[in-house]
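Chains here go by letter, A, B, C, D, E and F, matching the order in which they are written, and residues are numbered from 1 within each.
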Amino acid sequence: MRLLLLNPNTSEALTERLATSARTVLPAGVTLQTVTAKRGFPYISSRSEAQVAGAIVLETLADCGDSWDGAIVAAFGDPGLLAARELFDRPVVGMSEAAMITALSLGQRFAFVTFTPRMVPWYEEQVRLAGLTGRFAGTFLPDAEMGDVTRVAEDMATPLTLTCQRAAQHADVIILAGAPIAGLAPVIQDDVPAILLDPIRAALLQCVTNVTLSPFGAWAGSMATPPGKDSTGLPEALASQFLKGAQGLAD
Amino acid sequence: MRLLLLNPNTSEALTERLATSARTVLPAGVTLQTVTAKRGFPYISSRSEAQVAGAIVLETLADCGDSWDGAIVAAFGDPGLLAARELFDRPVVGMSEAAMITALSLGQRFAFVTFTPRMVPWYEEQVRLAGLTGRFAGTFLPDAEMGDVTRVAEDMATPLTLTCQRAAQHADVIILAGAPIAGLAPVIQDDVPAILLDPIRAALLQCVTNVTLSPFGAWAGSMATPPGKDSTGLPEALASQFLKGAQGLAD
Amino acid sequence: MRLLLLNPNTSEALTERLATSARTVLPAGVTLQTVTAKRGFPYISSRSEAQVAGAIVLETLADCGDSWDGAIVAAFGDPGLLAARELFDRPVVGMSEAAMITALSLGQRFAFVTFTPRMVPWYEEQVRLAGLTGRFAGTFLPDAEMGDVTRVAEDMATPLTLTCQRAAQHADVIILAGAPIAGLAPVIQDDVPAILLDPIRAALLQCVTNVTLSPFGAWAGSMATPPGKDSTGLPEALASQFLKGAQGLAD
Amino acid sequence: MRLLLLNPNTSEALTERLATSARTVLPAGVTLQTVTAKRGFPYISSRSEAQVAGAIVLETLADCGDSWDGAIVAAFGDPGLLAARELFDRPVVGMSEAAMITALSLGQRFAFVTFTPRMVPWYEEQVRLAGLTGRFAGTFLPDAEMGDVTRVAEDMATPLTLTCQRAAQHADVIILAGAPIAGLAPVIQDDVPAILLDPIRAALLQCVTNVTLSPFGAWAGSMATPPGKDSTGLPEALASQFLKGAQGLAD
Amino acid sequence: MRLLLLNPNTSEALTERLATSARTVLPAGVTLQTVTAKRGFPYISSRSEAQVAGAIVLETLADCGDSWDGAIVAAFGDPGLLAARELFDRPVVGMSEAAMITALSLGQRFAFVTFTPRMVPWYEEQVRLAGLTGRFAGTFLPDAEMGDVTRVAEDMATPLTLTCQRAAQHADVIILAGAPIAGLAPVIQDDVPAILLDPIRAALLQCVTNVTLSPFGAWAGSMATPPGKDSTGLPEALASQFLKGAQGLAD
Amino acid sequence: MRLLLLNPNTSEALTERLATSARTVLPAGVTLQTVTAKRGFPYISSRSEAQVAGAIVLETLADCGDSWDGAIVAAFGDPGLLAARELFDRPVVGMSEAAMITALSLGQRFAFVTFTPRMVPWYEEQVRLAGLTGRFAGTFLPDAEMGDVTRVAEDMATPLTLTCQRAAQHADVIILAGAPIAGLAPVIQDDVPAILLDPIRAALLQCVTNVTLSPFGAWAGSMATPPGKDSTGLPEALASQFLKGAQGLAD
């Protein structure tokens, strides 16, 4: 099984951080390849950046051709997730979605802990879009200002631990939301009276599950690849993916 | 007041159809400029196409610079709407959203009538994302196959009328969903026992309202323009818009 | 287009305050007539008062005959709104409903700021009845005691500004709820980091929109005028309106 | 314990029908007095009629002075219920609300069966206002046309039985909705594989319960009687009730 | 009418406390028999204990044979309630459910006040399972540590009163949750500005109502007794009840 | 990793069927042990049977001591799941819950297809308790009568395939609900235009995921093991598990 960890941010350092955490739970017989967005933003932190990054996710998956059996969109907020799940005929998972649904089988309420208020409304729109508002205990933030995005996990370990302790009064499962804090969970777990979830690990395992189950795949339904379609001005591999579409279907 | 009707499809014929319908309700003193996506798809009909088109909406709005006071994303499903509302400091409205919220003040339940099943799941995700599921009576479709997308309103007038009659048993307000059937409402209204809503007209009027109210604007909140940010490989005007960001804010 | 601003309170001073604010956004070609309830309460502030006032709204609209193309129920909480929408075959809008649905296209979450706790449960029942709980961030109140109801906007400007600042931490759009604070929004907007909505202006513009769209009217559906019906002991114009009912329908 | 059955319709025949059914479950030591609306409609069947009838409910309760310990608003749809509960310091219950909440302890899903489509949207708004949508299986109607409203239970017994059989495929508990079919449940129960609920009996028993529990009454909360208030042009007893308001409270 | 108060805890002192409170509202002509669980836990305070206690509720009801016309599961959280309602062909009510639905007709929002945090998640799962989240204002707890479970009502009267005062800012009706505080409501009511509900009294009266209405019983629907079934290793009376099942039905 | 497949039914044939399907997706390095309930019902098919079976699940898990790292409650409807998750300090998953949450990452709407109407209400209560109603497309059933429960998958393959085709018009993912049809998915997948999910396989993989993630375990939260507690009349191993409770915690 060949999995692809796709970082929609352009920062290679984030890719490395995510892959390091993901590899701690990589099952035997599964390989993990990484790819970093060639264009876009160093670190996505708004809805508008995510809209652009979602299109780049599709480009990047198309560029990677048939080299993957399942893909992980490795940015919290899942830019482009539903679009990618539809366009490609292989499992695609996202960090937010995988963390939320894994949380559902570990406790009753889940919360997000993150490090900057900018993404909160967009994160919470994902909860609503997923129909999981009834299990959601809210987003919790430290007061401290975030500094260098590649060092958040180290610089903010203490305020994030305090924030997790506060969140633990409202939720059974705490999702450490945001690629820059991948890998923080095992560092602070002894100080937090709740289940800590590292979204990239949840996403890696969800992807393994979905690829394992995929032989019973769909050739229809709302996530089926759409019929082939012409386009103008798209990157070549992506245009080709849209043109190919589902085999044998006319629009 | 200078409004911009932005068609995220590349079809000029659709732009013309939409503008013709919109102009029937254009108030005195309001000008309506149109722009058609330079790249993308002739007619968006899937989530993945909408993801790409949403990024193109941002590019196109950036290209239009300061020539507009309010903009209408003129494709049902509202590709890129929330992102555009966030990135630009002027009102941006969408056909789906405007039609749904206008429907809320005309009757108790609204339904969608459209002409092809492919967009239904994506349309319904917009209802859920908007939190309006409790007022939604479902999507209704004719059995007939759609032919040429630019002639849907004419070719399918009869099956769409029958479909509206069926929808009228479940809803007070029927939204004719999809750019290709803009302008159909007045043609068939005498045969349908419900309020018919033409989304482009609802969107035009919603945009006028929001621009009129906008002096009490926000300089914060989740739809405030994000702080300026560097990017790589984006079209120039869009990169410049992201770089400029909100005045005087540092990330 | 002839609009009617109907104040269900008996206070002429409130009518004047509402009309003054509404006229700031009156489009060219639209006339605004006002009418004040002839019986009832100086200022509605409970469910039971609103129940009586709702019946008076129907009486007053019937008294005004065919002099209006669209009407605005100008009391927050919308007494009699759905009943009036049903009984008359012309658009009727309300301050709460119009403010809430306008807010939906300006931001993600809306809040109410008001000046007395008595109406809060009733206001919140309107949110639930409208099915908009998922977008509602709650009601926020100053600690200060309200004094003379006709001078609330002036006397409480400072505590209301502070309350708006508090509400802005939870909502993108703040609705200034209650006729006595119509017109306050532009006064305090520079001090509040959120979109401020003056419900009477939103209602005026919603009414213009609905009248503009109304040629595609309904002659059926749940908001259609009911069949004619006899009554006993109602004011004459209202009895006549009920007796007339929908043309050509038998119960 | 002195209970008041208040029929907001002006039809004495309906009052008699309702009282006859209610008396079959009247506990020892409880007396049931009836009162019929002096003005209004023979049979309420629209939102606008219900708005007017709700105000008449308040008038009628005020007219009855202190002669009652608990009151039943005896029209399905509960015109004026929340207003009456607020204005008077004694328990007031309604047929719709009492039937729905009793159904919650008898099965998982409840349905309405009624005899005319006109009231359906208003009935369903009561379900939404009560927050019980998640337990509601919908409204079921016979195809047959209703004739004389005072003879519905007899004339339509067969089509209503068939409708109940259909509803029983979706619901555990069927509420026979509408005053004209009070007393029908025992007649048709042997032919319906579900629990049949006669709303007037549920309401009578709910009223007994609430009066029994009432010594632990509230002197605050959203259903507390509002402070005294002046009014203009209201019937004398009602004006006096509003003027009296809650003892010792200033607005 | 012969009612059975079944305490699923093994503590006779709790049974006595519950019965004492219930008897204050016992109608003429109704007898109340009590039974205490023969095995299980002195005081249920977790989901796992409630799972076991729910099975014991079924055993105990089977042991009591035909001696009862209606039964009350007298532990807040309602262990085994839906199972008992299904297995036996007579009304079974629970303290949580009866208190919640009674609250719905007394005010708009209800809250729980209880004395230990351990049961809170399980209590709140009952609210969600009942579909009543939209009317629920949350659970409120004193800071004080609970001591002897049989003396909670006396030892914690002051902190519970303060907690009720806090809850009254969010709810119209306060449910005193937990068998050990049965009977506390009348003691503290003068100090709490909200309606206090003693769940065992609400349950007793709900049971009277349901037995009174039961002649229109169901012989189908989801709460109908299942077809007879063999079992292994169950207590004899319970096995016999399962074996008997519904008369004349084959699985 | 040592997983335990616990069949709460007493039928060894069902255990074997479930284990056969589960083993097709068993990862390298994971062992799967099975255990069949020693007492209870051959096949659970009602709420009351599930209540008893849930208690037996706790007994059986206690009997198995420390021989397992994660457990699967292998009956659709998940008897005893939340109780077991709470009582034991290791991951416990259920077939319904695992299938539903896996479905959330494969498509937008999921449906149940099952073979007997008796369990439907209980299955749907699990959807509501899980807060997943917004993603649920309903339960679909064949008209055919079920015969021998151990041969359902073979005897009803054709009617179940037709039912799946019907469900595929409403859902992207179809969950084949019920232990007796474990393993049917691959047999019929070529004839169903939707993603088919075999709950036991989803549960096996969910259990692997949760055990893999479990080092970041909770020592608090609502699923933490309760404090130790005495009991009367419980099977010895279960009593001992309750007595032990969480280490170092006093109630």
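Here is the rule we use: a contact is a pair of C-beta atoms (placed from the backbone, for glycine too) under 8 Å apart; a residue touches a chain by one contact, two chains touch by 3 or more.
Since this is a predicted model, take the numbers as computed values, not measurements.
Common neighbours of subunit B and subunit F under the contact definition above: A, D.
Farthest chain from subunit B, judged by C-alpha centroids: E.
Computed centre separation for the pair subunit B/subunit E is 52 angstrom, with centres defined by C-alpha atoms.
Mean C-alpha position of subunit D lies 44 Å from that of subunit F. A separation of 28 Å divides the Cα centre of subunit A from that of subunit B.
Chain contacts: subunit E has residues 108, 121, 125, 128, 131, 134, 172, 222 touching two or more partner chains.
The chain pairs satisfying the stated touch condition come to A-B, A-C, A-E, A-F, B-C, B-D, B-F, C-D, C-E, D-E, D-F, E-F.
Contact residues on subunit D toward subunit C in their complex (touch as defined above): 10, 38-42, 45-52, 54-55, 58, 80, 82-84, 86-87, 118, 120-122, 125, 128-129, 131, 222, 226-227, 229-234, 238, 242, 251. Contact residues of subunit E toward subunit D in the complex are 25, 27-29, 91, 93, 97-98, 101-102, 104-109, 130-132, 134-135, 168, 171-173, 185-186, 189, 193-198, 201-202, 205-206, 208-210, 212-213, 215-223.
Those residues of subunit D lying in contact with subunit F across their complex are 108, 134, 172. Subunit A makes touch with subunit C in their complex at residues 121, 125, 128, 133.
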